[in-house]
Amino acid sequence: MSALAAATATSTGEAVQFWVLGTVAVIGALSTILMKKAVHSALSLAGTMIILAVFYLANGAYFLGVVQVIVYTGAIMMLFLFVVMLVGVTAADSLKETLKGQRWLAVLCGLGFGVLLIAGIGNAKLNHFNGLGRVNSAGHVEGLATLIFTKYVFAFEITGALLITAAVGAMVLTHRERTERAATQRELAERRVREGVQLPPLPAPGVYARHNAVDVAGLLPDGTPSELTVSKTLRARGQIRDVSSQALNDLKALEQASAERLGREEASK
Amino acid sequence: MNPVNYLYLAALLFTIGAAGVLIRKNAIVLFMCVELMLNACNLAFVAFSRMHGNLDGQIIAFFTMVVAAAEVVVGLAIIVSMFRTRHSASVDDASLMKL
Amino acid sequence: MSFPLLTVTAAVPAVGAVLTAAVPAARRTAAKWLALLFSLATLALAVLVAVRFEPGGARYQLTESHAWIADFGVRYELGVDGIGVALIALTALLIPFVIGAGWNDADPLETSSSRWRPTQGFFALILMVEAMVIISFEATDVFLFYIFFEAMLIPMYFLIGGFGDRAHAGSDENAAAQRSYAAVKFLLYNLVGGLIMLAAVIGLYVVAGNFSLQEITAARAAGTLDMATNTERLLFLGFFFAFAVKAPLWPLHTWLPNAMGEATAPVAVLITAVVDKVGTFAMLRFCLGLFPEASKWATPAILVLALISIVYGALVAVGQRDIKRLVAYASISHFGFIIMGIFAMTSQGQSGATLYMVNHGISTAALMLVAGFLISRRGSRLIADYGGVQKVAPVLAGTFLIGGLATLSLPGLAPFVSEFLVLVGTFARYPVIGIIATIGIVLAALYTLVLYQRTMTGPVKAEVSGMHDLRLREVLVVAPLIVLLIGLGVYPKPLTQIVNPAVEHTMSDVHEKDPKPQVAVEAKNGEAAK
Amino acid sequence: MENLIGLLIAAPLLGAAVLLLGGRRLDKAGHWLGTLFAAASFGIGVALFTDMLGRGAEDRTLHEKLYTWIPVEGFQADVAFQLDQLSMTFVLLISGVGTLIHIYSIGYMEHDERRRRFFGYLNLFLAAMLLLVLADNYLLLYVGWEGVGLASYLLIGFWQHKPSAATAAKKAFLVNRVGDMGLSIAIMLLFTTFGTFAFGPVFASVGNATEGKLTAIALMLLLAACGKSAQVPLQSWLGDAMEGPTPVSALIHAATMVTAGVYLIVRSAAVFNGAPDAQLVVTVVGAVTLIFGAIVGCAKDDIKKALAGSTMSQIGYMILAAGLGPVGYVFAIMHLVTHGFFKAGLFLGAGSVMHGMNDEVDMRKYGALRKFMPVTFVTFGLGYLAIIGFPGLSGFFSKDMIIEAAFAKGGTQGWILGGVALLGAGITAFYMTRVMLLTFFGEKRWQPDAQGHEPHPHESPSSMTIPMIILAFGSVFAGAFFEIGERFLKWLEPVTGYEHGNSPVSAMAVTASTMVVLVVGVALAWSMYGRRPVPVVAPRGSLLTRAARRDLYQDDFNHVVLVRGGEHLTRSLVYLDHSLVDGVVNGTAAAVGGASGRLRKLQNGYARSYAVSMFGGTAILVAATLLMRAV
């Protein structure tokens, strides 16, 4: 796809590209809003954004296309993923609607709004098609730069201020001042002794023939799983895998099998 | 192909994003939907830029990105602190501003 | 630039209000004297206004005019005509009596905390109302008037809701609930009226391009400012509605009995004798001056409503069991007379209506304040709780009777002059309405005398047997009012002299002339040489 | 001399002010001060009278304008007085009888602790009544008119601790107010018709007005007169007014105030002369009241109420005469004056009797008092003879003239009116003889009062008897004095006008038939009450008697229709005011409150819900924009 073509007319190639990638973008967008897990949504969105970057390129906005990939998909979406991880990657959202009529209204408004927008675009006279050939004549990035640093210089400066404010704001919001000195290891040990709840180190997770991971609880002598053996975070998220019942079942099956066998032997006597 | 199709696509993405804002409860997903809407706008700007043959549309799209970045930074910070206090990222849980 | 007398007259009570409010909690008595001092100073200034006013001079005198909100043509414009002078004088005159009568009404209860300062607040609010009412009478800028017309609701609201009658039949909570009901009702009723008026004020600005009463009236009279018929009528109704609520005219009257019943007697006087007068005053000055044609268009309907007010108010007053509500309904009847006089569109009617405003203020003040003294002694507002008071407290009964006789417009007392003028003025143009309105004078006698009979005469009830007669302070409050009632009844010329030219101006605003006598009068041969 | 006119009113007014404001300090001397002020007024009146006699009949009218009372564009009311022969007559009657009754009251009210106030009220009454008759315009007359109403209210209700007195006072004032309504409408009519309501200009230009207007004015004036003079249909208050102290009944409710209606009609002669229909109504009212009062007087056992019925009836005569026009005006006033003497005397006598009988008013419990109260008996007896028209006494002359004038009306009307007047004379003779017999003759039928005190009838002190004697003197000789040489006629004619009526019946025949009727009436009364002992408890009596005892059911009618109806009306209006008028207001408030409560639910706090609203709003805006473009 040449720069000239992008600047003046749409080629068949672009049409094919539009229809193929456009479909994918819509699917991506839909899955963004329909996926249960936030991480899936984020990945779908990232895909859509990359497709949009391609569209920017196709429309002659080379700089913007690159920025889209680097800043948006690269930085912002990663930020999203980071927060998703922080909050809990596997926690699935319930898509069950709790507000009465919210979903219907949302769909209705969405459909109505979409129809209106599309009708509006359809009504508009948008047949003239100038292309970017002339303005890009002195170089695309140079053209952008000229505009940014002349016509839009104030807006540019203000966005700078906005970004700084946002950065400070984010820090203020997330930062928590330590109000006391962190306890040393000795102090921690002493406290543990003083409290006397759990003197020795916490027991290790269960080690089984077929399962060996930190989310598998070890068994107590009576065969029930011990929560102490699993990390606190996993416990809080309810992500403990319980294999004890399987082990017990196996044991039961074994005993039954041996009993059957013994029974047969007795009968044969 | 008529470049107007880009506008239709933008409208479609925008609408999907808006519907997502209304439907989803998870604040993070909600933010993603907002981003989707912003991107849809950007696409429209870029398409307009091409149609009209000047770069102002691209500049605006550029600014939109900056603002979106700032918004995401602050927004995600709010989400994180919200999650810290109430162990939930659902916007419905933050409904104390009612009578 | 000459001395801004009108501004000062309105500013003195306002300053007094601030100073009174600032008096420390422990110095209650000082606050009372301070308030009284400022009200007397205002009275002196009002007298000065009346003296400086030349009845034969320009229509609006002592005018002041300063730009205020230039973009919207809003000016700080003050000026008084004879009607304004009379009502400013009435206001300034009554406030010292209101303060004197309410001397002990706002003393803090023993149980309340010492940091609370109800007394200071009470007197400061009264002075605040006075300042706002006076400036409403002075404003010749529609917007300026509107602001103070509305603003006076705020101090009144607190006076009604915050300082209730301690003589309440129900429990304390019950009393508080009823008081707050009355205050809220007063506020909402008047706010609704004010809101509609605001729309009309804005509409007027759109039509006329400025807010100056004098300019618009002059342009209307000269025919240089045309309004579409419907526009004028709508604007008129907008203004009139607000004034009819304040006045109050049937069927917009129901806030008054509640407000007067729940408020202390001095505050009730403040409502009916002072604040409500702004409504009728504004009808005369704004409705007729700004919208002469629409006023004439609406006259028949308004006269009928006024007539209903007269008869209905009097009949309902007869059926009341509560002294203060009875006086409130009597006031509704009297306001019917005032409005009837204004819209009769004759000089007698309008002069009578203006005199009526003044006289009704004085007579109701006399009756209501004495009723308040009576109520404070027995601790009940119910008529049935009294009987035979004249035996134990003859001076109280006597002043009560004089107040009542003034209310029923006994000839020789001031209200008679005004009531008769209103009736004659109405009769000259609308005989049937005039005749029906005279029923009001019979009904007035009925409710007054029934009230007097049930409370003052008959065997002395055990509860009243220990009642003491009027104290010196109370006599000092009532006696001047009675002297005024008799004085203005026998010699009303000082008042009519000020009012007449203003009424002539109003009559020419609406392009009306008095009906001529139907037959020629022959001088009696030689004998009638006067 | 003009300046004295104001003083005439000022003296008692000052007296009232001094006595009412003076406080307890004046308790000792109050009655003397009051009497002094009344006497001063009488003195000034006499001085003015002699001055007036000294001038020719043409320029006897005096005017005095004090100041302009209500100056309003097109409406000028002056405080101005007019003293002519008619006013003079009243001035002398009012201040003269008034002074006598002041003197009488000194004795009568001796034991009342509020005597000072009583004299203050009496002085107030004198001032108002003098203002009424001296005013030179209707509005000022109205002031006096209401002033006497007020004084009457205060005096009827003087013993306010008695609920009956307070009620009677209120009733009197209210019924009078109905009449006052008539007067105020009349003044309004005068103003719209003539542009003025001063006597001079109005009477001079009566000819320019249509008869319809004049009839309307005259009827309204008649309504006023009915109220004040207790004529049917506004007569009901007079009987109850007897709750007041007896001197009050004598002065106000017999001699002076109740005759104000007659004054009003005679004063407005010019108006009435122009309205024959109204005059006819006046005569009818007079004739009906004449009989009505007489019948009521026959049945009452309360001595004062019997006399009140008689007053009503005698004023009926005057109104009848006044309605006859120029033929009767002079005789109406003449009867008024003579009635003033003898009725005041009769009331004072009744008061004297009550004074001696522990305030007992029931005549059935009197009897044989002539031996115990000789002076009272003689003076009362002379008054009695005067009222029934005993030849030579004053009532004979004045009443006879009226009957004659009634016949002179001519035609059927004349016969009917004359007949009624004649019948009235007979009934008068009957009921007055009844009063006389029951009180002073027969057995003594005294009973102990509620506290068990046996009455000890005794003659009253001289402060009371002297006025009675003077009044008796007047009752005897006033008529003859007036009639000899037609003095009274000549005196009043310049003011009221006079024309001699041509009676179809000769004067002698009228006099003769009057005598016959009189004798029949007296004889009938003698046969019923003189010959046989009178039961102490009233017998059931005939239907008419029972009706008459209840004032011919007029009060019951008032009670059922006006009082009950009014109560229902006010009660339902109070209810309506609360539920309907206020209900609409409160309903609006409740509706707004309810709607807000429902709207509040939209504020559910869910950000997404708000977002839907926002989004929907945006959609609507976009739609609107598109539509606007499409249009």
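Labels A, B, C and D are assigned to the chains in the order they are written; within every chain, residues are numbered from 1.
Here is the rule we go by: a residue touches a chain if its C-beta (ideal position, glycine included) is under 8 Å from a C-beta of that chain, and two chains touch if they have at least 3 such contacts.
Please read all numbers here as calculations on a predicted model, not as lab measurements.
Peer 1: When I count C-beta pairs in contact, which pair ends up with more: B-D or A-B?
Peer 2: Higher C-beta contact count between the two pairs: A-B.
Peer 1: Please compute the C-alpha centroid of chain B, do the same for chain D, then give the distance between them in whole Å.
Peer 2: About 95 Å separates the centre of chain B from that of chain D.
Peer 1: How many angstrom lie between the centres of chain A and chain B, each centre taken as the mean Cα position?
Peer 2: Going by mean C-alpha positions, chain A sits 15 Å from chain B.
Peer 1: So the centre of each chain is just the mean of its C-alpha atoms; given that, what is the distance between chain A and chain D in Å?
Peer 2: It comes to 105 Å between the two C-alpha centres.
Peer 1: Go ahead and note the Å separation of the Cα centroids belonging to chain A and chain C.
Peer 2: Each chain's C-alpha centroid was found; their separation is 74 Å.
Peer 1: Can you list every residue of chain A that touches 2 or more other chains, as numbers and ranges?
Peer 2: 99, 102, 105-106, 109-110, 113, 117
Peer 1: What residues in chain B touch two or more of the other chains?
Peer 2: 18, 22, 25, 92
Peer 1: Of all residues in chain D, which are in touch with two or more distinct other chains?
Peer 2: 604, 606, 608, 612, 615
Peer 1: Let me make sure I understand the interfaces: which chain pairs count as touching?
Peer 2: By the stated definition, chains touch in these pairs: A-B, A-D, B-D, C-D.
Peer 1: Can you name the residues of chain A that touch chain D in the complex?
Peer 2: 99, 102, 105-106, 109-110, 112-113, 116-117, 119-120, 123
Peer 1: For the complex, which residues does chain A have touching chain B?
Peer 2: For this pair, the touching residues of chain A are 6-7, 10, 12, 14-15, 18, 22, 25-26, 29-30, 32-33, 38, 41-42, 45, 48-49, 52, 55-56, 59-61, 63-64, 67-68, 71-72, 75-76, 79-80, 83-84, 86-87, 93-95, 97-99, 102-103, 105-107, 109-111, 113-114, 117-118, 121, 126, 128-135, 143-144, 147-148, 151-152, 155-156, 159, 162-163, 165-167, 169-171, 173-174.
Peer 1: Can you tell me which positions in chain C touch chain D when the two form their complex?
Peer 2: By the definition above, chain C touches chain D via 185, 188-189, 250-251, 253-254, 312, 315-316, 318-320, 347-348, 351-352, 388, 390-391, 398, 405, 410-412, 416-417, 420-421, 423-424, 427-428, 431, 434-435, 438-439, 441-442, 445-446, 449-450, 453, 456-460, 490-493, 496-497, 500, 503-504, 514-525, 527-530.
Peer 1: Under the stated contact criterion, what part of chain D meets chain C in this complex?
Peer 2: Its residues touching chain C are 20, 61, 63, 65, 67-75, 78-80, 139, 142-143, 145-147, 150, 153, 157, 160-163, 165-167, 169-170, 173-174, 177-178, 180-181, 184-185, 187-189, 191-196, 198, 200-205, 208-209, 213, 566, 569-571, 573-574, 577, 581-582, 584-585, 589.
Peer 1: Help me check something: in the complex, which residues belonging to chain B touch chain D?
Peer 2: 18, 21-22, 25, 91-92, 94-99
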